[in-house]
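In the two assemblies presented below, chain A is common to both, partnered first by chain B and then by chain C.
This part shows the complex of A and B:
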């Protein structure tokens, strides 16, 4: 079996006293293969956490179904739970009076692990996250980033098949975020039967980690593809930014004519050096060679050049018609 | 079993880890005093002639041992969900939530019994309480008492699972009502006949009476006096089995409903 998770037409309605029912999910479908890091990307209130709660058996769907490792999350939840771990960001979970080591050992016991194995894994992962020296510190003395690392270790110690990461780097500093992302990537690559579902509203995080991303908004999945595919679907042209030592209007016109129809050039100025800067939208990747040749032919020296990649933010903007932050500001929080 | 023991460990740490060990032992001894001090004043000072001091004192301390457990179990739902934010992680583990709660209850019960034992060491000689323990009945009663308390605790936990706001008034009312009706403080034979009859069927009544007899070696009042100690043990066994089964069913139902409503990880900052 290659499908770790299958979600079909999932809906969830929250009835609210004195208010209209809130439709958190309106027919969500996707699947996740083993060995995959799958991202659910969307603004606050889009339905990401609701989806993950249903898949992790914390919440029942209103309709539709979801399976984890072939087990129905609604009916066979006792089979699902030993196979999964959930790690939520932006919370301060944990028994403050326990030490880091005690806290992790306790959760390993809830999964029926043998103590020597649990202790070995706790040591291994605490060293990986750089917290071995803090193992005897009480949980309530830890910073947010440290708590989140312990939370991550708790999720990994039991060696789950499917790891649910719900905004794992929320409220965490840059350094800790980098460590968490790196551990998640390594963890899923370590064994082929592992997979990760990541919800995030950090576009760059999804782009960096996920082999596939579903963009979700108002409880609907708008797109589901590899990040590179989502970006490519936006615009097939290649975009470059080139800063040169000099370029007058006459030279610019000549180069534009040389590049031909379909290749758009815009002349501006570099914000730092104030030197002339070309923004080139080229039909084909290979047209960049012709452009550089043309610039050289005009006796122009290249100072700086970079390829402009479309982002997932651009993909979101194209699909929703609004920027991510604007959508967040307008959405109710589920 | 591992989950049960780990829950006991968490319970012990939550109870004891806030201070030094010797301070906690002092606390352990001193804490139950609050529950029976009023009884000593009431029956030992003002109501000496009633001769009810042993009845009320033993009744109160064994009621205390049960109530500590089931209220603690119920509050642990709220604590784990709102304060520690671990409830969802416990739910998602391989250990059933019932097992976890029972582990927490076991620690609380043992702590309560330890507190009682420490206090009996001075209460019996100082107040000249009848003390002719029947250890067999005491141990059996103590084990069954745990099941009674756990059963009630599971039932209350199921209510708390489906309640977002912690309503302390309801809990207090329940505590007071059961205290009076269970015959812990005075013999329900003092009630009108109908209430006295109801008191016999309050789940904790037979346990408290069994423990009174197991410790004092006597039938101290007319309440449940028509039952031999062995029959009383039978009744406690029955009530423990029924309550524990009922509590288990209710907590399963409560868990499923909480899962349906989305209450397992809800935090209200209440």
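This part shows the complex of A and C:
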């Protein structure tokens, strides 16, 4: 069996007193294989958390079905729960009066773990996140980043098959975010029967971690593919940014004519040096050689050149028609 | 089956641990609650002495002071607890885990009762030491049995209320505040419950502290005669109440979990 999670035509409607029902999910379908980090990417209110809540047995779907490790999340939820862990960003769970060690032990007991095994895993993972020395510190004295590392350890100690990460780096500083991402990546690679569902609205995080990403907006999945595929589908042309020492209008027209139809060149100025800057959208990767030759032929010296890679943000923009932040601002749920 | 039982016991133990050891770290709170209980008790003892009532009234007040921390623990530490767990973000994690909700609540009840015991015994000790109150120890084992059955019944009621309070959401605090004083009065914490009269006693008997305290007073306070019923009947009623509360609590917890999954509202903060 290779499917850790299967979601079919999932819908969820929230009835709100005195207001029209809110359709959080409108027929979401996807599957996740073992060994995979699968990303649900979308702005606030897109339906990411609702999907995670249904998969983690916290919420019933209005229609459709979802299975985790072959168990129906609605009917067989008692079989699903021992196999999963949920970690949310900005989480303040647990009890401030407990120490880090006590808190992690307490949560391990809610999964029926034997204390010696729990203590061994707590030590192992606290060392991994660099918090072994803080094990006797009270939870209410920890910084946000430290607290989130403890939350991550809490999720890993029980050795789940499926780990749900709901915005795990929300409000966490860069260093802690890097550590969390690195641990998640290593953890899923450690055993083949593990998988991770990550919801995030940090595009770069999804790009870095996920083998596949589903872009979700207004309760609908707009795309489901590898991040590289999503970016490739966006535009097959090669994009370059080239800063030169000088380039007048006449020279630019000559070079444009030389490159031919299908290769678009835009002339601007570098924001820092104010030198001429060419943005080239080329039909083929190899056209860059012709462009550099043409520039050299005009006696122009190259100062700086970089290849422009499309981002998931660009993919989102193409699919939704608005930038991610604009979509968040317009979302009914903030 | 064995696995389920172990899961239940481990969850119970872990949740009780927070109550027993975690709260010991808040020493000022422990001291404040002991002093608060002592001074309330002292007020009533001085009042009865001013009125020239018999010495048995001082004894019944000390027992009332002994039981009050348990009553407060049931109300603020059990009945409102699911609501606070939700506010702290723990309820979601409790529901996602394989442990049943009842294990958490039994755990915090056991932990709460053990933690409260320290405060209650302190109040009892100060009552005996400062006011020279005398108790008979002839029926101590029976009194202990009545006390444990009363706790079972009280905490059972607390678990029933925890589901109700969770469902009421933000009103939980006000509801707890609202029921605290009337329940204290109806329980006859600082006076013999028989003085409530038959009509009110019918309602008061549903609160385990009423009959529990009355039975304890019969067994421990010499010359206490203003009883509600014979302590044996009161013990039987308390056992019955405990079983009924346990049954309702089990049903209510299943029901509240289903509603939590159906409506989403119950697991979301600030709802």
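The rule we apply is simple: the second predicted complex is superposed on the first by the 333 of 334 C-alpha atoms of A that agree within 3 Å, B and C clash if a C-alpha of one lies under 4 Å from a C-alpha of the other, contacts with A are read in each partner's own complex, and residues count from 1 in each chain.
As a working rule, contacts are C-beta pairs under 8 Å (C-beta built on N, C-alpha and C of every residue); 3 or more make two chains touch, one makes a residue touch a chain.
Since this is a predicted model, take the numbers as computed values, not measurements.
Applying the stated clash criterion after superposition on chain A shows that chain B and chain C collide. In the superposition on chain A, A:111 makes contact with both chain B and chain C. Touch criterion not met for A:123: it reaches neither chain B nor chain C. Of the two partner chains placed by superposition, A:31 touches none, neither chain B nor chain C. When both complexes are overlaid on chain A, the residue A:56 reaches chain B and chain C alike. Within the superposed three-chain model, A:93 lies in touch with chain B and with chain C [touch as defined at top]. Residues 14, 53, 56-60, 81-82, 84-86, 88, 91-95, 97-98, 102, 105-107, 109-113 of chain A contact both chain B in one complex and chain C in the other.
Listing the residues of chain A that touch chain B in their complex gives 14, 53, 56-60, 81-82, 84-86, 88, 91-98, 102, 105-107, 109-113, 154. The part of chain B that touches chain A in the complex is made up of residues 2-3, 5-6, 9-10, 13-14, 17-18, 84-86, 88-95, 100, 259-260, 262, 264-265.
Across the interface of their complex, chain A is touched by residues 3, 6-7, 10-11, 13-15, 17-18, 21-23, 25-26, 88-90, 92-99, 104, 260-262, 264, 267 of chain C. By the touch criterion given at the top, residues 14, 53, 56-60, 78, 81-82, 84-86, 88, 91-95, 97-98, 102, 105-107, 109-113, 138 of chain A touch chain C in their complex.
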